[in-house]
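Have a look at this one before I ask anything.
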Amino acid sequence: MAGSTHASEDAARLTPEQRAEIDAQRAECVPTRRATVTAVEEILYEPLPILDHGFIRVIDYMGDDAAVVQAARVSYGRGTKRQRDDQGLINYLMRNWHTSPFEMCEIKLHVKLPIFVARQWIRHRTANVNEYSARYSILDNEFYIPDAAHIAAQSSTNRQGRGDTLDAEQARRVQAILRDDAERAYGHYDELLNEGPDGQPRDPSYDGIARELARMNLSLNFYTQWYWKTDLHNFMHFVRLRADAHAQYEIRVYADTLSDVMARWVPMTHKAFVNYRQGGAQLSQQSLDAVRRMLAGETLTAKAAGMSPGEWRELQALLAGGAQQIGAGAPEAAEDA
Amino acid sequence: MAGSTHASEDAARLTPEQRAEIDAQRAECVPTRRATVTAVEEILYEPLPILDHGFIRVIDYMGDDAAVVQAARVSYGRGTKRQRDDQGLINYLMRNWHTSPFEMCEIKLHVKLPIFVARQWIRHRTANVNEYSARYSILDNEFYIPDAAHIAAQSSTNRQGRGDTLDAEQARRVQAILRDDAERAYGHYDELLNEGPDGQPRDPSYDGIARELARMNLSLNFYTQWYWKTDLHNFMHFVRLRADAHAQYEIRVYADTLSDVMARWVPMTHKAFVNYRQGGAQLSQQSLDAVRRMLAGETLTAKAAGMSPGEWRELQALLAGGAQQIGAGAPEAAEDA
Amino acid sequence: MAGSTHASEDAARLTPEQRAEIDAQRAECVPTRRATVTAVEEILYEPLPILDHGFIRVIDYMGDDAAVVQAARVSYGRGTKRQRDDQGLINYLMRNWHTSPFEMCEIKLHVKLPIFVARQWIRHRTANVNEYSARYSILDNEFYIPDAAHIAAQSSTNRQGRGDTLDAEQARRVQAILRDDAERAYGHYDELLNEGPDGQPRDPSYDGIARELARMNLSLNFYTQWYWKTDLHNFMHFVRLRADAHAQYEIRVYADTLSDVMARWVPMTHKAFVNYRQGGAQLSQQSLDAVRRMLAGETLTAKAAGMSPGEWRELQALLAGGAQQIGAGAPEAAEDA
Amino acid sequence: MAGSTHASEDAARLTPEQRAEIDAQRAECVPTRRATVTAVEEILYEPLPILDHGFIRVIDYMGDDAAVVQAARVSYGRGTKRQRDDQGLINYLMRNWHTSPFEMCEIKLHVKLPIFVARQWIRHRTANVNEYSARYSILDNEFYIPDAAHIAAQSSTNRQGRGDTLDAEQARRVQAILRDDAERAYGHYDELLNEGPDGQPRDPSYDGIARELARMNLSLNFYTQWYWKTDLHNFMHFVRLRADAHAQYEIRVYADTLSDVMARWVPMTHKAFVNYRQGGAQLSQQSLDAVRRMLAGETLTAKAAGMSPGEWRELQALLAGGAQQIGAGAPEAAEDA
């Protein structure tokens, strides 16, 4: 996940100064009495590359699987060390939606992401955020251009989302348009600022404008960055919604990396999460009744089940095992801007 | 629900002054351009009786089913008036966990409830609360004594909750202990306060103590009251958790009344809520796989399904239709104090 | 505030269909027992124009000044009708930061605003938001171009924010750059979508791309819109931070309109808000000590007061009456993106 | 703060098993790359005694002063090591209410506290809580009896809170009443449960009742315990409100200990907090105008200043240095239950 990749991968993402700062921080190691997770320590501070210029860096974490158990028991010590018991209790908590023990773990990340992804991400309100300020600082000339493999037409079946991928030629055309506009936008941003290295106008023949004004010329694929901190319960909620097949690809890749981080951090909780949340399904009363009747040998139709054609199709797909999730919280139209 | 009952029912709950204040407020009626729901207006301000001294009063509400639709569409007007379209969209939102349109409705209640119920209730953090102050005011001599029908032994199968009901004789004994202790506690509370009607010591031979101190002698079955305000999404979350069979009876009766209020207020949303939340079920990946194999004709055991005996029993009960809910968020040990 | 202006003002903001929808909703008037505020009813649903294409529309509200008082008293009726008593209690609550009674009022708005303003706005987490979806729908060709009067250089004294206004010629140049880039961006957005009125490709010679992709080419001055709902306490917090002199002009004009709405909705609370929050100041221990010593006749310097030069200047400005606020929560670098 | 005291102090608070569990956890020490604070490590897991049976134990923490700075800069490394720069930035953030960098630190506590204190504490909603369950477990026979020094009459000047302390004789009488009632309540609780060590009825001649029912007989001075986790911003908000002179003594002692913990954990932030929050004051517009006029040499009265007698008195006391705080968020009637 980290380590050997960084020589090649980082070139596009980190300046030498940034690389040095990270290495310096990774080199510091001190003793602690706190719950500590070796598999997270290994990747601490390292950028995990996402998209063309983005990353997630784990900056800090609090707690581990045992801390979930400890909180659930309001205990004085670390309690049982038998993994089997801990996994059993964690399964029980997850199955019965006892969320407060999971809130007792916390994680802090440094994330670099396109602004249109940031706009979806920020809708998760139960988190702490500190974003790089474009009122105070100048944004870098970094913008997202999708790979050809992810440039697709509007889906015809889904009311939002993507359908078929464009052919290579057409994809190149799309990339060219996006790149040209982004480069022109940044060029004008820079021109509007007119800031030289000494803070004086670079071109003294005209006045620059304030940073808070000039930024409005940048497009939504420019990268921003923030520190983001949340608890394990809300972290899982984010992953469940954003690693879902209905989520936009560009946020899904972030959620997938978060899921990998979670598997390192709290492996027992991750296992329960996959079984009870990600791989599971929420059935409506009508769906449940239909399943009962089918198990009793009845052959049903949408009409006989009292379900709409769309819901019936979803149920069939779910029972056929084709779809992993049904109504599992996929964030669609109403949730995303 | 309201209306004719109040003559007899209110006697135990309202002073004549309170009854008059409520009647005065109900008598005022003015025109508004806002979304208005006749079925809620009918019960506005009326105490809906719960337990022996408790109630819920609807003080105000914002929005209706159409307001959910309007918010989902970010529309300029009320939009379609065809009920069928609105119900379809509401079903879609509920099924896909698009929660933000439901957050656009709000309700405000005046609730009178035993302190031990209030302690569970307050765990729902996404709400506004204004509680009657026992630092500033003197609490009334009102405490909860359970009906014989609800006095039961600890459950032997469930790790918390109640099992068999006690016989009448034993129940009376329990009630007598609770009543004696509550009366003594209040008597001492009153004695410790030593406040006469004029604010002067009733018995000048000794000093009273501060209200914030004296209240600590009251037991958890004394009634408190508060104004409580929340949005429809969090309202549904409360009802789903607290109207559940695993919730403590004394909070369940409040949740049941909230569900009745919701059916008046937003009938389409209520219908979708019953189908997709209350009557539905969350299946784990293992449960889902088991259902698929059973539908394919396989005869399974817990072991073959890779499930624990407890989970397997729950799944069997669910598919037999005996249990309405499985892992649907029942608040148990870890969540409640 | 509303009414007569709309013929001319609306032309730029509303389509005839939108105007008709609003008029239809304004025409409906029904009786209610709820707390109702005439001055808000007058402007209900009307767009209050802001910037070149933006607006705020009040969609719904819950409660009034008396509802604050009622909640503070956890009362059964509307309680006292003596305005003087209500104002006194509201002042007391505001002065002593008793926030929960103010949380008992709620307001719902429809807001149209530039995306860079929306990004600041959304940082206020304690609110409900439903934004227009650019994954599901196509954004309109509407973008913000600042008036010449608001095009200014970076401030040299303030670490962010604006300084001197540019001269007319230079301002026109800035506007031209912003307008050209926005028009080109929208043209390409439209071309990338390639959607005809029937949903089929307008130009059949190439494939369009998904809406969720194409939007990334739009710049941050394009308008978005949302439904936004919050309680009076958080509403005041928003106004205090965003109507502040340090806030960016483009969000300040929204906050100013919110303040006007508040004066209509809860005039007593507004009055207390101006005295105890907006017009007041937070003094540090050092500032307070300095004031005490100056009142005792001492002539102080920054050094003698133990304050930094910056803080000392701020205090001097405050006491001279030049600055209305000092450290009153102005959101600067660290808070805004 | 910890260490040597525990032999004597712990006797009343910890069982030998609890002491051993804590010692075992303290003995574990492993290397970490995370931000680590020696002064907190020293007291980690140790009970800091409060009241007669309560305590606060620091279970975990995330971040330090440098982490606040790092988040404010959205930086790649730990950044500057010059203490002076860090203190300056922290002062700036605190003065200008830039709260998000402080939210990037987190702390987790194990707290044992009387139920009536827990009821005030829980009103701080922006925190994670996991309380010991009295539905699932049996509460211990531990209740709070105030020291004679803290048994006082209702305040005559303050609308809530305490006035003069009772004399020793009368205080003993109050203690005796509280102790007798608590002991009787627990005796009946135990009798109602009727649980033997093997889970069978201790007295087979009658049925016990469920734990969730029996607990209602306990009074509000019984101790409960929970895990409580919050970020540094909300931690400071708690301390500011609850360490205030207007807060009830029994919660103030907890807040005072939290303040001590904070001084160990983030000393620079603590210093800024004392200067800009705890030791400072919020002046209203009227107060500020009055101060300006007095500095200009005018001799004012309440009437001339346009202030109420109460506010005028508060201002005079503040300027005389007698009162540390004015309207600084003291939680009074409306906030506390």
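Note that the chains are named A, B, C and D in the order they appear, and that numbering of residues resets to 1 at the start of each chain.
Following the convention adopted for this analysis, a contact is a pair of C-beta atoms (placed from the backbone, for glycine too) under 8 Å apart; a residue touches a chain by one contact, two chains touch by 3 or more.
No experiment lies behind these values; they were computed from the predicted model shown.
Counting the residue numbers that touch the partner chain, chain A and chain D have more than half of them in common. Annotation: B-C is the more contact-rich of the chain pairs C-D and B-C, by number of C-beta pairs in contact. Centre to centre, using the average C-alpha position, chain B and chain D are separated by 29 Å. Centroid to centroid, with C-alpha atoms defining each point, chain B and chain C lie 35 Å apart.
In chain A, the residues that touch at least two other chains are 72, 100-101, 129-132, 226, 332-334. For chain C in complex with chain D, the touching residues are 72, 88, 91, 93, 95-101, 241, 274-276, 278-289, 291-292, 294-295, 308, 311, 318-321, 327-335.
Against chain C, in their complex, chain B makes its touches with residues 14, 17-18, 20-22, 24-26, 28-36, 41, 44-45, 59-63, 67, 70-72, 74-79, 100-101, 103-104, 106, 108, 110, 128-132, 225-227, 229, 231.
On the chain D side of its complex with chain B, the touching residues are 114-116, 118-119, 122-123, 125-126, 129-137, 144, 146, 151-155, 159-164, 166-167, 170, 173-174, 177-178, 181, 184-185, 188, 191-193, 195, 206-213, 215-221, 224, 226, 248, 332-337.
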